Amino acid sequence: MPPTPFDRVILGDVVLPDAVLRDGYVAVRGEAIAAIGQGTPPPAASVDDHAGRLLLPGLVDGHMHTSSSTGWPGIEGASMSAAAGGVTTCVDMPYDVPRPVTDAGILREKVAVVEATSHVDMALYGTITKAGGIEAIAGLAEAGACSFKLSTYEYDAVRFPRIDHPTMLAAFREIAKTGLMCAIHNEDQELVQRLTEEAKAAGRTDPIMHARTRPPLAESMADLEIFEMALETGCHVHIAHSSIARGFELAEIYRRSGARTSGEACIQYLCMTEEDLVRLQGFGKCNPPFRSAAEVERMWEAFRAGRIAYVSTDHAPWPRERKRYDGDIFAPVAGLTGLQSFAPLLYTLLAERGLPVTLMALYGAERPARFHGLFPKKGALRVGCDADLCVLERGDFTFDAREIRDREDARWSPYDGRAMHARVAATYLRGACIWDGSAVLARPGSGRFVPRQHRDTYLGEG
Amino acid sequence: MPPTPFDRVILGDVVLPDAVLRDGYVAVRGEAIAAIGQGTPPPAASVDDHAGRLLLPGLVDGHMHTSSSTGWPGIEGASMSAAAGGVTTCVDMPYDVPRPVTDAGILREKVAVVEATSHVDMALYGTITKAGGIEAIAGLAEAGACSFKLSTYEYDAVRFPRIDHPTMLAAFREIAKTGLMCAIHNEDQELVQRLTEEAKAAGRTDPIMHARTRPPLAESMADLEIFEMALETGCHVHIAHSSIARGFELAEIYRRSGARTSGEACIQYLCMTEEDLVRLQGFGKCNPPFRSAAEVERMWEAFRAGRIAYVSTDHAPWPRERKRYDGDIFAPVAGLTGLQSFAPLLYTLLAERGLPVTLMALYGAERPARFHGLFPKKGALRVGCDADLCVLERGDFTFDAREIRDREDARWSPYDGRAMHARVAATYLRGACIWDGSAVLARPGSGRFVPRQHRDTYLGEG
Amino acid sequence: MPPTPFDRVILGDVVLPDAVLRDGYVAVRGEAIAAIGQGTPPPAASVDDHAGRLLLPGLVDGHMHTSSSTGWPGIEGASMSAAAGGVTTCVDMPYDVPRPVTDAGILREKVAVVEATSHVDMALYGTITKAGGIEAIAGLAEAGACSFKLSTYEYDAVRFPRIDHPTMLAAFREIAKTGLMCAIHNEDQELVQRLTEEAKAAGRTDPIMHARTRPPLAESMADLEIFEMALETGCHVHIAHSSIARGFELAEIYRRSGARTSGEACIQYLCMTEEDLVRLQGFGKCNPPFRSAAEVERMWEAFRAGRIAYVSTDHAPWPRERKRYDGDIFAPVAGLTGLQSFAPLLYTLLAERGLPVTLMALYGAERPARFHGLFPKKGALRVGCDADLCVLERGDFTFDAREIRDREDARWSPYDGRAMHARVAATYLRGACIWDGSAVLARPGSGRFVPRQHRDTYLGEG
Amino acid sequence: MPPTPFDRVILGDVVLPDAVLRDGYVAVRGEAIAAIGQGTPPPAASVDDHAGRLLLPGLVDGHMHTSSSTGWPGIEGASMSAAAGGVTTCVDMPYDVPRPVTDAGILREKVAVVEATSHVDMALYGTITKAGGIEAIAGLAEAGACSFKLSTYEYDAVRFPRIDHPTMLAAFREIAKTGLMCAIHNEDQELVQRLTEEAKAAGRTDPIMHARTRPPLAESMADLEIFEMALETGCHVHIAHSSIARGFELAEIYRRSGARTSGEACIQYLCMTEEDLVRLQGFGKCNPPFRSAAEVERMWEAFRAGRIAYVSTDHAPWPRERKRYDGDIFAPVAGLTGLQSFAPLLYTLLAERGLPVTLMALYGAERPARFHGLFPKKGALRVGCDADLCVLERGDFTFDAREIRDREDARWSPYDGRAMHARVAATYLRGACIWDGSAVLARPGSGRFVPRQHRDTYLGEG
């Protein structure tokens, strides 16, 4: 009797970045994809039949904050909702409570927590301190940080500081040596601060003022500063979140001049508008803020033109009470939950705009993995890669925030009640089913730290 | 006992357009690829072990002339050399003796000959007559022609006529409706004719005069004419062979203006120079002619920048006696053999320039298939696609024209004696081995006609 | 008693290319401007008081055909209407009956006729023969030809031949050495010829068919050919008349690539449309034909953007009977009268579009003089320059073709009956009044030949 | 006997922006040019014979600081050296001791001082306060300020403050309404401050450190900020001094996007290099600092390409003792004298580079007058304009700082001892001779305030 060659075969319509294999399968051996096929599957120890469903690569969310509010204990819950949302690789920001990830020692401590408590795999950003800490950059890269994150705006002098120009320049010079990408939170501090003061002084603290005090110009001015330094230093500088098409245009102008520049769109900037801010109040507050409906259309134009690096969530699971609006929109913290809604929403937005589902594999998995140097281990349905899958069931569903798999006070969502054209029917992490459509099967520690795989820069094709 | 799921498993390093799967396999069921995997292969009725060799998609040669000299009987020999050269899909030009493929009836007749005599699969170009025949365009597209070919230069009033501006414009308008690509032989008739007359009058008929009488400007002026009409009509207009980087630059300028324009490079323009023309005399004569070494470098720059549609051969197996130079370079016919040398030469050129072998899968298979609307049935190692493979053995070889598998008088090559870094160790066509490294196993009729699969335009990414 | 320093002082509002000097004067000594001033004029032998009128530089019409129908005897009448129209420098085309200006000897003969019969000054174009005559180019430049004219379209095999590509290329190479500009009549022969044949075959010979058989593409294809050869040779190549904005766009694209390319607009393309062709029948027939109203708007956009070299008339005083339409629009000759209407019409068009009269000095005098190498002797109201003036009286007038000062059968105009906002109240040629508002005071031979003054290329600023 | 029509006739070679009238003259009536001529001049009450010399328009220095060190009493001396230097219009910066020109009242006070003490005519910049003072902008424009000046760098919290982003944005919005230009001192405060601190901390206070602590990036980052706000607001934003070609490139990129952006080059950036800083120590210190020799070449490339708005001096007549270097390059103040050397140096630099003297009329008179809205009253040798002239005598001279016509302690110059190819032989202000080549004939109060003449934006041609 011949040896059974595969451990598991998963059946369904395989969604690749530019094609869909109907009646296909993904065959797993150990933790990796060992074969992809179509038609009668080969023998395997077990068969998971998702016939009629879409087998996508496990999503890679390139931007999230698991530990901004609760510190590293937040990893456990956030990664659980990731599992339930089809996200198998989380790229976590470094702005953690009580201290950010500013050296290899801290990174290694966080890695230990990840490996002990995470439900999905996780790559980690590093950062520097307000005062500098440039000398820790090489060590962070060495220890496996995938990318760096700095900010032009100060939310917290220790956790999330504004990095001034000379320090940022020095950091870019040093990061350039590592080959890693440096993402920037891009808001002009002076503009935002003044407009906020003026709004408060004028007694204007209603929700729309959150958008009015952070106008598009506050973004583009920050974008320009960092890109001119990118041109000077050769560092790959990336807008952590552009809510405006101008950001992607600037990245392209600088690329043409030889700089390594890019920018990502969080999914909210592809569907939410100022009206939603007014409606959701504190629960619609994030930075940058939602823009006009016309700007959303320009964002999709940039998307269709291939100018956007990838789509992410900027997931930040603040406790519900810190998001509540009581007459002062400046009081609640900024940030939205988004991990569990990511896959259904991205599917739905593409469908609503008549765009092919293959773009979901591209912008929700392959490209974020490429930009963070995790590809092709992560982000691909390819032989030899990690057997991470997001299985989608098409149909008419409604997103229900109460179903979020995180601690109770993080079970809120700006998308609560939104019609979705798909739901996550299963999630596989390195060959194991970690979500079966109703329960998270992963346990704390199922997830692993994913170090950056190489140091080549990726800026998109063409 | 479980049923054996695969008919054949082919082992080797699988070369994809952007990755190589070491110790991989391609599993075949029927004529199609049913799985691609890595590691221990699944059970199969037969196993072909090419461990250590490269498994590439069967090459797609997007430009050849099987029937210019001998008529359709030429298909048998040319396709045999294709099999021996790892080319599994030939895209044949319509300029056949005694009459070109100018309507659906002729196309169907040629299809019958292909299916009866070809050793590999074949897609077919259509064309129009000198006088017009625009009304046959829709029928040709309906009958499965993949693309159209017209010329700005007249080689033969019937077989290979110059199409004048109004007729070309009318043809573009009609072809635009079909969605098919229209490739153009791009030489300015007036310039070439005059310079040739002047050379003859001056008694200058030595080999280099072939290049001098067809200067780069003769190409670029033809390129501009056809691209301006492309802009006007919306037709996808393609330079059948640009020997100069300017051609690709113009295609890009027009694409930016919204036109559908592209151009291909025949492999000789990536390695041969005027010195080779002098050395090879009649056997180095083709149109456009070889250019300077500096131009070859510019061609590679265009290649690396992604501006070239694909690489082809322009294979034209003229009888040896019609290529001989006897003091008058204008006497021999223009055209080179190239099918059997294509795979080893493309591999060698990439290797010599330090470029990855994945580009061979891209420019020698995927992209020509995409431009001709044959993808992904042809041109891809993907599940569900035709199981066409070109197996390369790396090493130090010398190309020997006597080994060409065509009729005796076509066994000549401009590359005779050239050092090659690889040879074709096997060729598979729809799952069957048709070349085992020493003998062609295919028989006349093994090959099939491949109609265009869809009518979407492909102009490259980005 | 001090010597009277000036021969003549002419009073009025002096119109410079970027300013108007109210209550100014132009003081003449001999044939040149000796002073320009404002306020109380200096003593002079005579004072011509045009207070309240506009003193413009005498217009330079950079494109006309005095001798297409009647041969050089046509110079006398055409130049008389120039004098009555404020045009003091005519740049005459070389396509004369019975033979064109193809060598220095012919040029010198024509110069003699000019000096004996012209009422205004005249610069002369040279050309080549259909067969070549390249060797005469240097001599023509030496003899003072200002520019060259070639055609891509054949009106007459001897007088106005199509120059084929190799001959044109050789001509450009030779003209490049002289530094002179080469203007091209830009129509694609093949397109026009075929469309005309088809129209005739279909029995469509009504007026609009003149436009339909010469579509914009027939121009742009010719433009591209000549510009690519301009890029190759370094020759200053100029579209003799672009009726479409695309022509100016192409000239700019090529200039950016380093070519010396430009194009002019005849005044009819800035105001006439296909409706006028239908209305005027044969009397509205010229080549290229009138375009759509939308195209006219695009022409003004190009004008405002500074993309147009200058504005000219393409004056061609055909006998009335050769313009008459008798059911076949292909029968009448192409060409319009325009010299006498030029100044009032240019003034009127600028006024109607709210553009300043200074642009009339720029586009009707300075720039044509610059492009033809006649500046600043001609085309400027500057000290030291020829004292040529066009005096405009503002008011409401109607253009009356019967007032044209040419032979009887040339007294027709497409602008007959058009409302004009100005009339030419006086014309001065080198200090002498040659038109006083009602009578031509110049006599045959008052005019002189103006050789090109230098060989620098002018392509406009910026 | 006829009345003498002109008060004065000045003979010489008249230098216009694009031509030189040999043996010409400028005739004056009252304070204005009443005629320009060539040859025998008309009768006049007086004749100033500068035959063989160049008659240029009186220079317009678009950037100077008369009152930075001594307050408004500095106007008297600075304007005297202007008279001796052929500069007839000074455009004075608003950063005066003890308080800057921040409202119409202060402007009017300064106007009174100008009219009482200045030797030449003077236009005045306005500014805002660090805290804002936006509401004074309209009044300043109303009172005749020609332009506004703001800074991204703080030299003094009151006199020369950094304007933060929100205040600058608000100012641009308000200035946009006036139509006036807003020039910006462009240095990134954070970069400069940090690099300076680091240099001091490292004990590096030698002269070259002045350049090292203000790298090109410190300029370009400031340029980008202000240009992005220019794009947002429509305000004409102007780099007050770009020492790097990148500044002009950015201005052009933004102009292409529709912004109103420009930049000027001070003359030192066209000839001085870091070596001169090392040589001159404190007397070579200015902001931005001198750059590399390669950058100087790029500056000339920008100049020849027409990208530079105009050339100015940034004259700042600091007392000699404040410029002295005693081991700490950070101690002396920044700024150079330049008014009296401006004309000879600009002439010399053009001559050394083989550029025509007409460019001196263009970049040293016409264009600064245009950018500041003073044209054509100032900056032109044209009829009707102010009769301001700078008369140059060509020859071999040496610039001698002791000859500077200012208070004793301002008689120093970075150009002391430099070979010059011309000297200022006479200066005329509104028809009166104010410098005869050896003595200043003007008296305090000869000069007048020149208000902005109109509110049209000028950004150069094309």
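Order as written gives the chain letters A, B, C and D; numbering starts at 1 within each chain.
Quick note on the criterion: a residue touches a chain if its C-beta (ideal position, glycine included) is under 8 Å from a C-beta of that chain, and two chains touch if they have at least 3 such contacts.
Keep in mind it's a predicted model, so treat the numbers as computed, not measured.
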Note, CA centroid farthest from chain A's centroid sits on chain C
Could you grab the centroid distance between chain B and chain D? Build each centroid from C-alpha atoms only and quote it in angstrom.
65
With centres defined as the mean C-alpha position, give me the chain A-chain B separation in Å.
43
Centre distance in Å when chain A and chain D are each reduced to the mean of their C-alpha atoms:
52
Return the residues of chain D touching two or more other chains; collapse runs of consecutive numbers into ranges.
none
Let me make sure I understand the interfaces: which chain pairs count as touching?
A-B, A-D, B-C, C-D
Interface with chain A, chain B side, in the complex: residues 1-3, 5-6, 14, 19, 21, 24-25, 27, 29, 32-43, 306, 376, 382-384, 460-462
Using the touch definition from the top, list the residues of chain C that touch chain B in their complex.
164-167, 169, 188, 190-191, 193-195, 217, 220-221, 224-225, 228-229, 232, 253
